[in-house]
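Below is one structure, written out as structure tokens, with a few remarks after it.
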Amino acid sequence: MEAFSDGVFAIAITLLVLEISVPEDALENLWRGIADQWPSYLAYVTSFLTIGGLWIVHHGIFRRLRHATLALVRLNLVLLMVVSFLPFPTRLVADAIDATSAERAAVIFYGATLFAISFMITLIARYVARRGDLLHDSVDLAEVRAAAARVSPNLVFYALVLLFALVAPLVAAFGFFALSLTAVIPRRLERLGRPA
Amino acid sequence: MEAFSDGVFAIAITLLVLEISVPEDALENLWRGIADQWPSYLAYVTSFLTIGGLWIVHHGIFRRLRHATLALVRLNLVLLMVVSFLPFPTRLVADAIDATSAERAAVIFYGATLFAISFMITLIARYVARRGDLLHDSVDLAEVRAAAARVSPNLVFYALVLLFALVAPLVAAFGFFALSLTAVIPRRLERLGRPA
Amino acid sequence: MEAFSDGVFAIAITLLVLEISVPEDALENLWRGIADQWPSYLAYVTSFLTIGGLWIVHHGIFRRLRHATLALVRLNLVLLMVVSFLPFPTRLVADAIDATSAERAAVIFYGATLFAISFMITLIARYVARRGDLLHDSVDLAEVRAAAARVSPNLVFYALVLLFALVAPLVAAFGFFALSLTAVIPRRLERLGRPA
Amino acid sequence: MEAFSDGVFAIAITLLVLEISVPEDALENLWRGIADQWPSYLAYVTSFLTIGGLWIVHHGIFRRLRHATLALVRLNLVLLMVVSFLPFPTRLVADAIDATSAERAAVIFYGATLFAISFMITLIARYVARRGDLLHDSVDLAEVRAAAARVSPNLVFYALVLLFALVAPLVAAFGFFALSLTAVIPRRLERLGRPA
């Protein structure tokens, strides 16, 4: 199951670049055309690091499992379905920033997708933390429980930035960017994320 | 062979999102534009869960094999060819729903592809159920036979919904959606689908 | 190296479907629109089975290797480069069949790419057949040599159909289709292609 | 981590072909249309071999590691982010060569991305060379240090060609092509690149 999930993460993360393009007529003044695409870069980096951070947490959970229940396989399939969907709202946000009438809807739609991803990984982490019988013999259940508890705050942060998008969508877009950075940077993920 | 198949499933499942887009002029009223894409979401979820459910069954079969015959490799290659083809009818169905003149043709074409996928996995399950010599020593042939017998009803369901598409294509589209849900949800797949 | 190659094969094979589309105005008469795409299906199946057959042979070679030389890694990288390129001439051939002025050029360009793929895998098979020191201890060098000898005729067949494309490109397109079928079907690949 | 990275490399390398296309009206004179796409082929081969060469070096480093620190996972994630980004400047360069007003900007932007890739792999090679505790017991630290030292000159070459792009962008584009060839060809990579 992990190889399949890794495949989906790797592909979703790599498809993001297809959303970036410079309009034909920008070839006249290409530096300007490249610079004008900044919302695309912001959306690319945010989505890339969000999936990348998710992969670190996901790998940290699944490499500790000896086997999986069908319920876990299904939770994971729903997670993958939302992750695979992310390139679509990413493109919307890249197109809609600076187009004031659409900006709010696009950022809320994007944020709701990020929230759904965070919700699914939290659900998975909690499910695994309750099922000591699924773990490899060498794995300490207390450690997995602590790791699962550490994942959940993200859900609150995503909800807060999502609410904030109602009033200031552009600021919220940078908020999601900041959250994607924290998913990769903070110390507290270290124990969970240490790869095999 | 399983790694290669998993790769194809993971890519086909992730490419589905490329079919979803909001027309340029919908940026004026983006919530409306997003809502108008509901046939795309229906087609995305149906195809995603169909391939996801297929992956569970496929993995349940192939991880029990010690080695494969060339005949099995070829059956598998034809299965992969039909699965890889699915994004095309998925896009057709997403475009044609609500465009009444094309709806029937698109849903029948889509359903025929789903039927072909179901047909190929049924063929593979039956082939493996007849070849006890291909299995790992620890695997019980009776268990594989029971699992293979459980896969086949789907074929009948797909045929029925496909026939129904002749009279009511939109209802049939929701029928395929319902079938994709049952492929992921029902209890009876549990034994076959339990991953390693 | 095999996992990386398998990834490239799986992606190239799955990207082929992106080349198939029905023009917007065909929604009026969708059955006709779907039928008119027959050159796309022909090109899709030919390219899919060619890469699929190549994967069987490639896997048959590389799973017998204990380690690889840098020269082999480079030969393999050139093979992957040509395989990854195949979706482009595939699309050309799908667009150009039935458009008489372009048909010959498209089929020759497509056939030349298939010939290059066949050339590279022949080169790799012969290289491995000369290097008994690269094989797993359990592998018989004579068996690998016989397998390598069996791969090479394909090269001649591709050259012949390619020459034939100069006079009758449409017939040659069906010739490449027939060759892709033989790569999957014939008995003589059985020993080489038997997967682990 | 290596499977995930290999997945991203394999996908990025295979997506490059999607950037190549022949304009509709070129079907009139397809040989001419195919020939006119030479900047696309140049950009395709350069990017393909650059990622391919990177994969050889990356695999040479990561297969020697017993486990990874979170810092290394993050460095690797940034490397993957830049590699995944490469198809975008590749397309720009393919579009802009021969369109004199945009050529300089496109080649500089492309070269800067190649420089960033070279910078990240150099950083990773040096990090690993300093951390003998991460290596497999059978691996000699001196060998890894020597390998890391051999990677770094590339960085200087990329910087030089990038500077040269300010005055002669077209020549610089061929310079990046030449560098991509040396990444695959030279003897000195042999020890690092020897795959398992």
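For clarity, chains are labelled A, B, C and D in written order, and residue numbers in each chain start from 1.
To be clear about the criterion, contacts are C-beta pairs under 8 Å (C-beta built on N, C-alpha and C of every residue); 3 or more make two chains touch, one makes a residue touch a chain.
Keep in mind that what you see is a predicted model, and the values were worked out from it rather than measured.
Between the two copies, chain A and chain B, the C-alpha superposition involves a rotation of 90 degrees in steps of 5. Chain A and chain D have Cα centroids lying 26 Å from one another. Per-chain CA centroids place chain B at a distance of 36 Å from chain D.
Multi-chain contact residues, meaning those touching two or more other chains, occur in chain A at positions 3, 7, 11, 15, 18. Because contacts link each chain to exactly two others and close back on themselves, their graph is best described as a ring. Listing the residues of chain D that touch chain A in their complex gives 1, 3-4, 7-8, 11-12, 15, 18, 67-70, 73-74, 77, 80-81, 84-88, 91-92, 95-96, 99, 101-102, 105-106, 109.
Residues 3, 6-7, 9-11, 13-18, 20-22, 27-31, 34, 44-45, 48-49, 52, 55-56, 59, 184-185, 189-190, 193-196 of chain A touch chain D in their complex.
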